[in-house]
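One chain, chain A, appears in both complexes that follow, with chain B as partner in the first and chain C in the second.
Entry: the complex of A and B
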């Protein structure tokens, strides 16, 4: 594929970077990224990956845009209130970069559909807002050996980690099982500074681009914790757990299941 | 270091290079920054290590910035020559894979 004059202009700041160049930009253009959730994290992740020219982006979300989302979910607007979030984000992203092919899935991701949904994508980004989904996405990515860039936010604190199945630890190595419902408050209960998902989501998007380009060191085997109030970035090492139920030597989780416990959606 | 090397080259007739075989020619007259660099970078990406790229340009700033950028990418600038009141010719040898 040769660049059109428009693409030369659009991606010029990438092409002149030694670490990207025309070759790297072509890798970006042929990459396929699956984003779980078109909310606080999914919006900035999708926004920057669209701007970067990622070839195919899938967005899955079954929620509709509400006014209370607009304090942080920057791909939506007052004009798309009531619209499905993935659809609303797609509208925004298509205006930004028509080169990108954006697929919308207006379903809730679950144990039955996840494998089929993500299997053709190169990288998965978790921007979900609840623990059952976070663990489901982790387990599915480990089973398919798919790179996963995971992010989470609450109040003034965010976390990011890159999971490379087979190479580093997974989410279950870090926390074996989800916390019981009600233990960790949701953003709805505890609040979140609107800009926080912007910081965490752009870190996730950066990880995705590094993986596509094969440049730099991925945030694998480490959890990056951002504390906005103290302006601290801390990196905590995550050891691989050889007894991990999904990525250990003798995995006990052989098939995906859905949590029966109720979590409140944000 | 790189800049000194380039300034030494500038204006200097390097006769030994005159006969150097050119593997690829890029005419970017009429192109302005940063697209002069974008096009030069893409041209050299498509070449083999050891090959020589000839760039003809008329954007004055690029006669300074392209050689600097090429040295930063790890390539060697063999010649920078103003061939007439408007145009420059630059020869770059590709030294590293991208």
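Entry: the complex of A and C
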């Protein structure tokens, strides 16, 4: 595929980078990225990947836009209140860059649909807001050997890691089990600084672009912890756990299941 | 010089809002038990029956203690200990 004059202009600041060039931009334009959640994290991830000209982006979310989302979920607006979030984000992203083919899935991701949904995509981005989804997305990506860029936020703190199944540790290597429901009090009361998902989401988008381009060092085998109040970026090592239930030597999880417990239903 | 302990945001309400507290050298579980005496409630959020809870990780200078000597990992003055809980957008420990 050759770039049009307009595309050459649109992506000129990429193309001029020796690490990207026309070749890299073509990689970006033919990449397929699946984003779980069109909320706090999904919005900035989708925004920047759309701007970058990623060929295909899928957005899955079954929630509708609410006024309380707009403090941080920047792809939505007062005009799209009540609209499905994935649909609302698509409207915004299409205005930014009509080159990008955006698919909208207005369902909740679950053990039955996840494999079919993500199998044709190159990279998965987790911007989900609950533990059952987080573990399900991890397990499916490990099974399909799909790169996964995981991000999580809470109040003033964020966590990011890149999971390369087969090469590095997975989310279960990092946290063996999700917190039990009894230790997870109300979610709505926790709160989050509106700009925090912007920082974490743009870090995730950066990881995605690096993976597409095959440039730099992926954030694999490490957890990046961002503390907004202390202005700290800390990295801790994530060793691959040989006893991991999904990617260890003797995995005990052989098929995907939906958690029966709601660990943290928003 | 003491051991620096990084407290994650969800637990900072137990440490009077402090993101870093000081602890004493010894094993990780001794450190946590000592912190619990100073900041009541902190210990049980991180550990249960002398074991670190499975959805909380403890790092000594970037190294996950599960791959060292777990709760018996020694920490010495000058070490930095990080307590890192699993988070998932909106949930807290």
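Of note:
As a convention for this text, the second predicted complex is superposed on the first by the 257 of 266 C-alpha atoms of A that agree within 3 Å, B and C clash if a C-alpha of one lies under 4 Å from a C-alpha of the other, contacts with A are read in each partner's own complex, and residues count from 1 in each chain.
In this section, a contact is a pair of C-beta atoms (placed from the backbone, for glycine too) under 8 Å apart; a residue touches a chain by one contact, two chains touch by 3 or more.
Only a predicted model underlies this, so the values are computations on that prediction, with no experimental measurement involved.
Touch criterion met: A:8 reaches chain B, while chain C stays clear of it.
Looking at the shared chain after the overlay, A:153 reaches chain C, while chain B stays out of its contact range. In the superposed model, A:237 makes contact with chain C only, not with chain B.
In the superposed pair of complexes, A:112 makes contact with neither chain B nor chain C. In the superposition on chain A, the chain among chain B and chain C reaching more residues of chain A is C. In the superposed model, A:254 makes contact with neither chain B nor chain C.
Applying the stated contact rule after C-alpha superposition, one finds that A:217 touches neither chain B nor chain C.
When both complexes are overlaid on chain A, the residue A:23 reaches chain B alone and has no touch with chain C. Counting contacts by the rule stated earlier, no residue of chain A appears in both its interface with chain B and its interface with chain C. Partner chain A is touched in their complex by these residues of chain C: 6, 8-10, 19-20, 45, 53-55, 57, 59, 62-64, 66-67, 82, 84-93.
Those residues of chain B lying in contact with chain A across their complex are 34-35, 37-39, 41-42, 45, 69, 72-73, 98.
Only residues 37, 39-41, 127-131, 133-134, 152-157, 159, 174-180, 183-185, 187-188, 190, 192, 197, 223, 225, 227, 229-230, 234-239, 241, 263-264, 266 of chain A touch chain C when the two sit together in their complex. Those residues of chain A lying in contact with chain B across their complex are 3, 8-9, 12-13, 15-16, 18, 21-23.
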